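The structures considered in this document are given below.
Each of the next two complexes has chain A plus one more chain, namely chain B in the first and chain C in the second.
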Partner chain A sequence: MTVDYIVKRLGMLLVVIISAISINFIIPRLMPGDPVQQKMDQMVAMGGTVGDVQGMVQEYRKKFGLDKPVWKQFISYWGDLLRGDLGYSLNNYPQRVSSVITGALPWTAGLLITAILITFVLGILMGAVLGWPTAPRGLRGVVPVFLVLHAVPYFLLGIILLFLFAVSVRVFPGGGGYSFGTALQLSLGSIADVLKHAALPALSIVLAGVGGWALGMRGMMISVLGEDYINLAEAKGLKQRRIFLWYGVRNTMLPATTSLAMSLGHVVTGAVLVEMIFAYPGIGHQLYRAIHAKDYTVIQGIIVVLVVWLAVTLFIMDLIYPLIDRRITYRRR
Partner chain B sequence: MATMYRDRAHRALRFARLNMLLVSGLAVIVAVVLVGYVGSAIINQDDARVGAFDPGLRPSRDHLLGTDRQARDVLAVLILSIPNTVKIGLLAGAVGLGIGVVLGLAAGYFGGLVDLVIRTVADVVFTIPGIAIMIIVATNIRTMSVEMMALIVASLAWMYPTRAIRAQTLSLRERLYVEVARLNGESGMELVVKQMLPNLLPYIAAGFVASVSGAILATIGLEALGLGPQGEFTLGMMIYWARFYGAILRGMWWWWSPPIAVIVVIFIGLLLASAGLDRIANPRLQRTK
Partner chain C sequence: MSPDVLQVKELRVRYDTYSGVVNAVEGVSFSVRAGEKLGLVGESGCGKSSTVLALLRMIKPPGRIVAGQVLLDGVDLLRLSDEEIRLARFAAISLIPQGAMNSLNPVMRIREQIVDTMRAHNGGKSRAELDSRVRELLQWVGLSDWVANMFPHELSGGMKQRVCIAMAISLKPKVVIADEPTSALDVVVQRRVMHTLERVQQELGASVILSGHDMGLMAQFVDRLGVMYAGRLVEMGPTEAIFEDPLHPYARLLIDTLPSLDRKGDFKGIPGVAPSLLNLPAGCAFQPRCPHAVERCSVDEPAWQEARPGRWVACHLWAEGRR
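Moving on, here comes the complex of A and B:
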């Protein structure tokens, strides 16, 4: 890995983050209408105290810095962001956006990482077995099943699972991250409770993802089997199992990691919607609530965090590749 | 000449037999679209009005798919929703593909700085989760319409076609017949339109299918989040309302399952079609699969 490459990739990361955050700043200001005024109108319409509305609007605008020229707002916006300050929630005023997000992020991260790992391992193994020439015939029947699963958007699968396992048969809870009225603690019961609540959301992500993975892996396995080193291994008389695991699976895992990186954005999007369906207390659910309450500052904060999180993850993965696959050098040809 | 036409018909038939994937995929999609458009003309549109019947009825002979909590006939709403969702998908797919083809051709043909700029922009937008940008735009739009929805989704449906067309253009540019045409004095525009575009057709078709299915997926996600056209019938809005009124936890399966079923059928159709187009674009796949 050359320094040149790292610098270039870092530049790309910065461009992605800066442009995403700038879009986040610019678009709401391009749109007609004033969120504060809108919010006030909404409050008045809801039958709150109708005092000096115009005065309140001015006061709020000052508070949120909306009375300054746009370029000044842009600078202070960046200044705040760099200090990790995402402002206040428009709806629950004293609450900070960052506290909404930090409360939700561990849930999302836990759910996503677990689900992605399970999908990755399951998908790779199933795909590899399917691509192996001596795979049992009956197993091929799962291919169309995978195709169908692949065609179902994550959260729709979530709805189906929710209905099947929380409504029809009440095996799992119908939503949330833990049982109401219980305090989260590090006890066996509490952990089991959390796992039980995470089971269906995780299953939706795994089931919806595993089909595509397995099919992709199957294709890669087939092409790896045509390689010379497989012939050599067979000629040497190695056991089938050894060829399968150490010559087949191991070499297909590398391109699989690449496609994992490519599909990460898709998975994150899917997980956001899955959380919404299960009212799982991660950022997807917070986003849904914020959209409903028209809490613009929370929406924007969540979007910024999502974009940066994803961009940084992809950056790290790109740097790790050459370590796991020595064939990648990133050198200019 | 007559034999040529017969030959052509014969070839079309053989193609259909060979490419069952594409044909069956298209058949599935056409069937869904027909149900939507013909059905919309047949059914009584008043059945989809709020308060038309009693709310929350189970499926029966009068209401094949029951009624929802707003007392609308689910079947009527479903049928009226299909054309709108299809419209969003096709419109967004077409706009996205249009942008993608122009950018891809420009990047591949001109190369150099043009290529660098287009490639970088595409890569940057690719890395940003599309839904993030769409949520920001959609939350700031006062009244959402079906066409607006399509445009928002289209703004992020062009990266895949851009990449695919660019890669192909790069290889086509070096082909001998393009070189010959260039030596014959054809201008850049002529070269692109007459020599390269026809050879890009399978890729353009594949790009269209990809951007349509990406657009529909994104639309349904946005709608489920509550950012869709509130006053219109679409499949995603059906799911949104079903969830909004707690249909899943109340066990009103007849409300949320029909739109899911139609969406899945549409996606399977698109998947088959794109697999079929893949075989045309990469003939070598035919042997391995």
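Moving on, here comes the complex of A and C:
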């Protein structure tokens, strides 16, 4: 039954999310050091208030609930989470974690989903054509270039792009999500500004990714071309284009979609370094800063988002598979 | 006697492999009359599949057709342009493939796969016309209407092979090539599929070329039989005549391997193995395994000659009149 299948997948989804979030609660607390103490020390060192530091530390620990035993923190954490409350940022009190995330997530999601989809489409098309016996010679010549780009880590590629297009030739801005001092609004100018800032980080992801997709797709295409149904399609006198799209590419879509789901699932984590280099105001950037400052609540909040994102992406994929390939059914056999 | 629909003359197919040149089909000539069922029989690797696929120009690299003519109603298929051969495929000469299990696109409904065959050739038909034609074809091969809505994995092997037959006759071709159509099926299903093929062939009036290694199946199905060995035809003639009195020692041995109800005793095979096509013996290719070989057999290659009216053979023993 279809309903059975969906309920079961939903159950799995919940188990994954619950266990991941629980582990996520424990791990930051295993790190040595105390966030409040650290922040205070920092402020003292910077010549801020000198007074009853220890007293203030105690006070803040109480306020954040850090004085309670871990298991009590755990229970109240879940209680808050279920109410959608991720708490305050330890480092930037009184900013709320949820506002940190909602401020950053759209940037990352927008940049990465777009970049990954562009990479996917370009890579798949290129790979499919390459796997076809009559691939144009020119395209074959381009492959090594993309393979080299694929071998270079994308953050390094980012630095090179920055140097070329933001330093040597100032075509694109050197970083950020939009120009300083401008307010974001729904105007053409503002959108163009955002796109301009997204161009280089997106380009670095696309250039680094296309080669990998193309190579993988070429391999899948070649193995599909060896299938009997391709032979029969040709014997049937079908046009090359029809065989290519409906017998070739169509049959590689299942594994390709799986890989796409996986990379979309890792959107949020995959971007940390790109966001660092381009000072992009996304979630990777926030995660990096939070880890630096031992900002438990922000780390946890971001990881909750990551886990839910990944699990939900895969859940959606599980629901879509049977539509792409009828050999996979919702039913149990 | 009806006229020849298909004439194959001196066909040669070569595979350029890393270990050398393989002459998979070496000067094969035969003709098929209208409405006739012709069988090509031989061991694995004897060139029967290469022969029949060459008729459709479906030889894939590293293989290629190096010489010969395939005349279908006087038109040489080997000289057609790519687009012309595409249009000829299935419309004039169609194929029932070897691996029925994997010959259908797993992600397309049966209806679409039959329809796209027809669309590729005469595109102008309406959806309703095509659909009713699909129903008609399925019925013809003994399948129910609902099969059209199925995906290949929902069908049995025999059903898939019937779908392949339906596709092969969808454009009413003159010649249907069946390349070991039942080798992937069990014996009971084999029989039923062959019956379907026979019935459809008779109603359609098409000629059928059946390749395979099953002498028993050939005996039941084909009018005329060609026996192949090491890329060459070694004997060809009416099926009954060959079974009664085979002229070539290899044909004789093949027939003797068949189990019989009135002959008791051990199962007989043919001693030795088929030669590597990379390294053929001198003279007659069958000579090392031939129980009657004489000196001349390892020197000269026997010529393909008409030994009796309608019976062709390539063997020195026959030419010298001693068998």
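Here is the rule we use: the second predicted complex is superposed on the first by the 301 of 333 C-alpha atoms of A that agree within 3 Å, B and C clash if a C-alpha of one lies under 4 Å from a C-alpha of the other, contacts with A are read in each partner's own complex, and residues count from 1 in each chain.
We take it that contacts are C-beta pairs under 8 Å (C-beta built on N, C-alpha and C of every residue); 3 or more make two chains touch, one makes a residue touch a chain.
It should be emphasised that the depicted structure is a prediction, and the values quoted were computed from it without experimental measurement.
Colleague: Under the superposition described at the top, does placing chain B and chain C together on chain A give a clash or a fit?
Modeller: Partners fit side by side after overlay.
Colleague: Go through the superposed model and pick first if A:R140 touches only chain B, second if only chain C, both, or neither.
Modeller: In the superposition, A:R140 contacts neither chain B nor chain C.
Colleague: Who does A:K62 touch here: chain B (first), chain C (second), both, or neither?
Modeller: neither
Colleague: Tell me which partner A:K8 touches in the superposition: chain B (first), chain C (second), both or neither.
Modeller: A:K8 sits against neither chain B nor chain C.
Colleague: If we overlay the two complexes on their shared chain A, which of chain B and chain C does A:Y247 touch? Say first, second, both or neither.
Modeller: So A:Y247 only meets chain C here.
Colleague: Hey, is it chain B or chain C that touches more of chain A?
Modeller: B
Colleague: Just checking: does A:K239 make contact with chain B only, chain C only, both, or neither of them? Give me first, second, both or neither.
Modeller: second
Colleague: After lining up the shared chain so the two structures overlap, which partner does A:N231 touch, if you call chain B first and chain C second: first, second, both or neither?
Modeller: second
Colleague: Taking the superposition as given, tell me the minimum C-alpha spacing from chain B to chain C, whole angstrom.
Modeller: Between chain B and chain C, the shortest C-alpha distance works out to 11 Å.
Colleague: Could you list which residues of chain A make contact with chain B in one structure and with chain C in the other?
Modeller: No residue of chain A touches both chain B and chain C.
Colleague: Spell out the residues on chain B that touch chain A in their complex, using ranges where they run on.
Modeller: 120, 123-124, 126-133, 135-137, 139-142, 217, 220-221, 224-227, 239, 243, 248-249, 251, 253, 256-257, 260, 263-264, 267-268, 270-271, 288
Colleague: Where on chain A is chain C touching in the complex?
Modeller: 133, 227-229, 231-239, 242, 246-247, 250-251, 324-327
Colleague: How about chain C: which of its residues touch chain A in the complex?
Modeller: For chain C paired with chain A, touching residues are 56, 58, 61, 86-91, 94-95, 97-99, 101-108, 116-117, 120-121, 151, 153-154, 164, 167.
Colleague: Write out the stretch or stretches of chain A touching chain B in their complex.
Modeller: Counting only chain A, the residues touching chain B are 12, 15-16, 19-20, 23-24, 27-28, 30-33, 147-148, 150-153, 155-156, 159-160, 162-163, 166-168, 174-175, 219, 222-223, 265, 268-269, 272-273, 276-277, 287-288, 291-292, 294, 296, 299-300, 303, 306-307, 310-311, 314.
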